[in-house]
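Look at the two complexes coming up: chain A is in both, with chain B in one and chain C in the other.
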Partner chain A sequence: MLHRRMLLAVAGIAALIAPWEAAAQKTIKVGYPMILSGPGALFGEPALKGAQMYVDEINAAGGVLGRKFELIPRDTKGNADEAVRVSRELILKDNVDFLVGTLTSAEGPAVSTIAKENKIVFIAPIPKTDQLTAKANLHPYVFRSASNTTIEGRTAAEIVAKWGLKKIATISPDYAYGQDVTKAFVEHLKKIKPDTEIVDQQWPKLGEADYTPFINAQMAKKPDAVFSSLWGGHFLTFAKQAKPLGYFDAVKYNFIGAGEAASIESARTMGADYPVGIWGNSYDVNNWPGGPPAHKTYIDKLRTYTKQENPSSWPVTGYVAMQFLAEAIKKAGSTDSDKVAKALTGLSIDTPIGKQTLREKDHQANRGQFWGKTVNDPKLGHATMQEVLYIDPAPFMD
Partner chain B sequence: MEPSFLFGQFLGGLTAAMFLFLIASGLSLIFGVLRVLNFAHGSFYMLGAYLAFQFVQWVGPRTEGFWLAALGAACGIAVLGGLVERLLLRHLYGREELYQLLFTYALVLILGDVAKITWGTGQLSVSRPPSLEGSLNLLGVIVPHYNLFIILLGPTIALIFWFVLQRTSVGRIVRAAAQDREMLSSLGANVGMVYTGMFMVGSFLAGLGGALVTPTQSIVPGMDVAIIVEAFIVVVIGGLGSFWGTFLGALIFGQVLSFGILIFPRFSIFAVSALMAVILIVRPWGLLGRPLR
Partner chain C sequence: MTRPLINRIPWTLIVFLVLLPVPFLGSRFYTFVATDIVILSLFATSLNLLLGTTGLVTFGHAAYFSIGAYTTALLMKNLGFPFLPSWIAGGLMAAGFALVFGFFCVRLTKIYFAMLTLAFAQIVWAICFKWNDVTGGEQGLPNVPYPGLDWMEVLPLIGDLRVSDKFYYVALALVALCYAALRRITLSPFGRVLTVIRDNPERAQFIGVNVRLYELAAFMVSGAFAGLSGALFGIFNRGVFPDFAFWTKSAEPLIMTILGGMAHFWGPAVGAAALILLNQQITSYTEYWPFVLGGVLIVLLFVFPGGIVGTLTKLGRRIGGRDA
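Our next item is the complex of A and B:
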């Protein structure tokens, strides 16, 4: 009997609370699948931080449509299957209204299919594979505020073309990202500078521990310049082995590293071992002399938010993605995914890195990256970009 | 192809080989005496690298303190190895080999998490010591001093071990322990001590390999699993438990990898694995190993 009475009481209380709860629950829930453990967490954590900072900012200003944002992060462990699993859970259990997130080029397309199935808007802030928004995979709910391999490879080609060098070599990890970005680089360079000669292409496996044979073999082909897409710890290992072998001297530092080789993270970790003088790119820089005032404001806020004088270059990825979502909800006047998806298509917004547009054609942002030649910064105690170049990729996107 | 290029490729392969020998010799030594296939050997290597990083932070980066840090890291791993053998592994000697294998595999997972919790998931880096920062020109090939040091260190360690194992009384006992542990213990030798000692020496080599590799690689989670696979290939080629076999296996591994990329640019690792497969079929006990009874 006691059981039954207790049940009744609980049901009664629940009935009383329910409408109340519904009112309090009117937050806009955003699921954020991201790598939060394992090697990729080095980038996933700050990417989450950027999104969180934007959410805190907009909530402090009253939210959107009078509702506050609630960010629900989930660890994908850098695994596409796990990303799919947590995304499903976010949709079914946590009842999120939108998905923003994923980091690798395996996770992005996998979660995109979940978004399509559930008719939920999904914005990818980091995955670069062209496949994500290629014709065969595009659907009304997927958007990418990240750069992509076509943009990254072609931008590098635009820079290298200006060097006026003929014999070009490449070294890239042998998997989807490395292959795609290298292909984009080579094809675009040959198009804008037809006398280009690709003298050597090295494909070490992803996670190679000993690059020496590849370095020697490449040096033997005597290239004038090199394009690389070794990223993170891979670039670090490569550069530490290449520098004492005289590799960078041999190409006279005509070396351009895609895959964020000039990011604050890489420069800081390597310290004096950094091959200063090479070119590289980064998602963000903490000092952008020619940049818009909005960027300076953003970096100042980020410094306060992270309590770091020289914060990571990754928060901007999450920040801009959340910004797109909030602006689209505002424009749609609704949190209905169909309406928000319509609002996102072709949407232009002002971000810390300038005007960004999600193209109608393929839902891809004209997201460029920062590129520059590196110099030693005695104040920081490590390498940094000398002249920061933000190249708008719009003119050479397909 | 220029001869200087081929020479450079050879030296690159040699450096890689000597690193591998440092690590694989410990694995082979432990197996030779204790008959335990220690999966966690790669974890000891990784922890050696992390410890070296930590010690270098304390003694000051880019100083000769690097040597102290490397030695300290190797000793730290030796102590860790001793504790693991004494407190844990010892209870599994009577059991089936599968239990030992499972136990050392569990160690891989535990130590991997310990490293992540302690040093995070980011990439860490250690610089070369100033004394070996430069390079020299050897027959038209630029050879970093540090690589030269590694190339010389490998054979030195091999010779020390050969001498100790073949020419000293300690070596005699170790060899006897490898041959027949019951007989040795009935003769009054403390086999338990021999086992702990050998496990510590093997762990020391793993830790030293990890510490010395830090100036040429980034320290990242996952380097434990990558190295254990390569070390296994080396000992399988050379012969499990055979000391000179490990040396030969490492030399072959390094050169096949180095020259393999000239023939199969994208499949150099395939060449090494194929070699291992062939050896397993033709001579399952390895090039210099002896068939297990």
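Our next item is the complex of A and C:
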């Protein structure tokens, strides 16, 4: 009896100590710094969900190299310094093997510095700033499965060039993202359609509450078409004020909204207020008629996973980033950061949105977005893209 | 009257010595948390020169923290200046701005003073956020270099450490110097006059104290040390961001100071340690951290009305049987 009790005690102590060793041996730990509180959580939460869905999927299939993934999310609170703090904590305390995450263009480069310092592979699924993978900031461990401002601006220019209109105006929030994407749009449009005339550029401050003066000033210049990079809630505020002023009618709905203006979140929130007929983009669509079968499978799985008929358009960002990581580990046959970094460089994988490649040159994926003209969908009760256009940015990324 | 024993103990030196072995405890995580606490405790203590010593409530202390951080980061990253002059420049720049802003702020009292400090801080934030060419705009300045610490290699024990551990020693030594200076200032005749102003500004005026001038001086000194703390934090954080100047950042040292106890010189430092450890523990266990953190803070404020240090000294007195 005594013997047995002692065995139990030993087993108990072993059970207390063992998880430390065993867990470190078994799971592949991935730190996931993401905005999970405040207004940004509207996008951060679904981006985490997508990553979690991929992890559940691959774990159910036995994991990678016989090891399961463990996703450790941390709230960055939308602050770059908090993102740095939690990333360091993930590396130093939770001993994560990899970092995937961050949302804003401030968080991305900030965490990239930490990844470099600790020689940990970091994949950015959302931040769009060109700075992240620009020559001066590129290092062996940073990768971006997200789109970037050059891609987004130039894609919009490719679309607008086909409209055959001359007098173009822009309206964008006055900070880094708005300026960069607008510059990319204007420069590329002038290059592919030299007779373009930029008749007006409005720069409301980020978070502007009253867009009326900007709207009136722009209408006075009588542009044929407008490019906007007002994103998320900023676009909603702007469009609600612009519609009654006849702004969209004045440009005959030749309006193209970058910054996910045609995402399901924006359309659903605005409902009947949405300026139906404009063009916009989105990370994902729930109905892609011309898409690969993999996309349909993915959306079906996402519907089951989120228990939503019309899930958010953001999970795909986290899903694809985790997919890149898993495929790279498979290819490297190891979880060693240097080997995985090498495997990620130039890696091509089949994702729900088609073939994606992390270019050798700048570790940037050829991540386009979905663009389309919006129409009312009576079934959904809000606007949706009429024809979904996925433009592969590979030809004009440089 | 001799000073009580507790005041004669060289606390700064003791705390400094106690914190020395942290990098040898075996986990880089401890060094990381300790560096965070050491640097931000200076931020909180600099605020307490205004709050606890002079009785001025400011909602805009982050302005000087960020000015110091940006100045040092710009000098080191873009102009390649060595660390020490950049760090001092960060403090001086913060002091300069504190002088200018303070000039207007001390003309107001109470809530109006607080609101004006907040307004100036938001101006600083707007400049950091929008002046893309210099401050990097929304994205800030990532990749701030560590100071060149090769000279440390000749030191015994420390020489073989990682750069983050070495930086911990740099921060610890510099912050200890700042603490010694702040302690001297608080206990000096100048500091005593500030306390008089806190307790009764009208009376101070009547006995011939130029209240505004003293308040302005306190504002500037406090801003300078906030700048020095920000300069260290920018390097520790490996990047400076406009968030550093946002009003929520100004709330941090306020919470630390009130939590630790503003009536005591070491209160803010204890509060800083408590808040950082709480935040770190809670955010790693639950995504509902704002709820838990807020709840814990409310309980702490009720249980420790004079802050942690205030309650502990009261307790110590009761146990020691000394009359208060």
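A few points about this structure:
In this text, the second predicted complex is superposed on the first by the 374 of 398 C-alpha atoms of A that agree within 3 Å, B and C clash if a C-alpha of one lies under 4 Å from a C-alpha of the other, contacts with A are read in each partner's own complex, and residues count from 1 in each chain.
In this section, contacts are C-beta pairs under 8 Å (C-beta built on N, C-alpha and C of every residue); 3 or more make two chains touch, one makes a residue touch a chain.
Values in this document were obtained by computation on a predicted structure and should not be read as measured data.
Looking at the shared chain after the overlay, A:Asp338 reaches neither chain B nor chain C. In the superposed pair of complexes, A:Asn137 makes contact with chain C only, with no contact to chain B. In the superposed pair of complexes, A:Leu92 makes contact with chain C only, with no contact to chain B.
In the superposed pair of complexes, A:Asp392 makes contact with neither chain B nor chain C.
Looking at the shared chain after the overlay, A:Ser37 reaches both chain B and chain C. In the superposition on chain A, A:Asp377 makes contact with neither chain B nor chain C. Within the superposed three-chain model, A:Pro73 lies in touch with chain C and out of touch with chain B [touch as defined at top]. Touch criterion met: A:Tyr177 reaches chain C, while chain B stays clear of it. Residues 37, 174, 205 of chain A touch chain B in one complex and chain C in the other.
Here chain A touches chain C in the complex through residues 36-37, 73-75, 79-82, 84-86, 88-89, 92-94, 104-106, 109-110, 112-114, 117, 129, 131, 137, 174-177, 179, 205-206, going by the rule given at the top.
Across the complex, chain C meets chain A through its residues 27-29, 32, 36, 129-130, 132, 136-140, 142-143, 164, 237-239, 241-244, 280, 283-284, 287, 289-290. Of all the residues in chain B, the ones that touch chain A in their complex are 1-2, 5, 8-9, 12-13, 15-16, 61-62, 116, 120-125, 127-128, 133-135, 142, 144-147, 215-218, 220-223, 226-227, 257-262, 265-266, 268-269. Every residue of chain A that touches chain B in the complex is listed here, in rising order: 37-42, 174, 201-203, 205, 207, 209-210, 212-217, 219-220, 232-234, 236-237, 240-241, 244-246, 265, 269-273.
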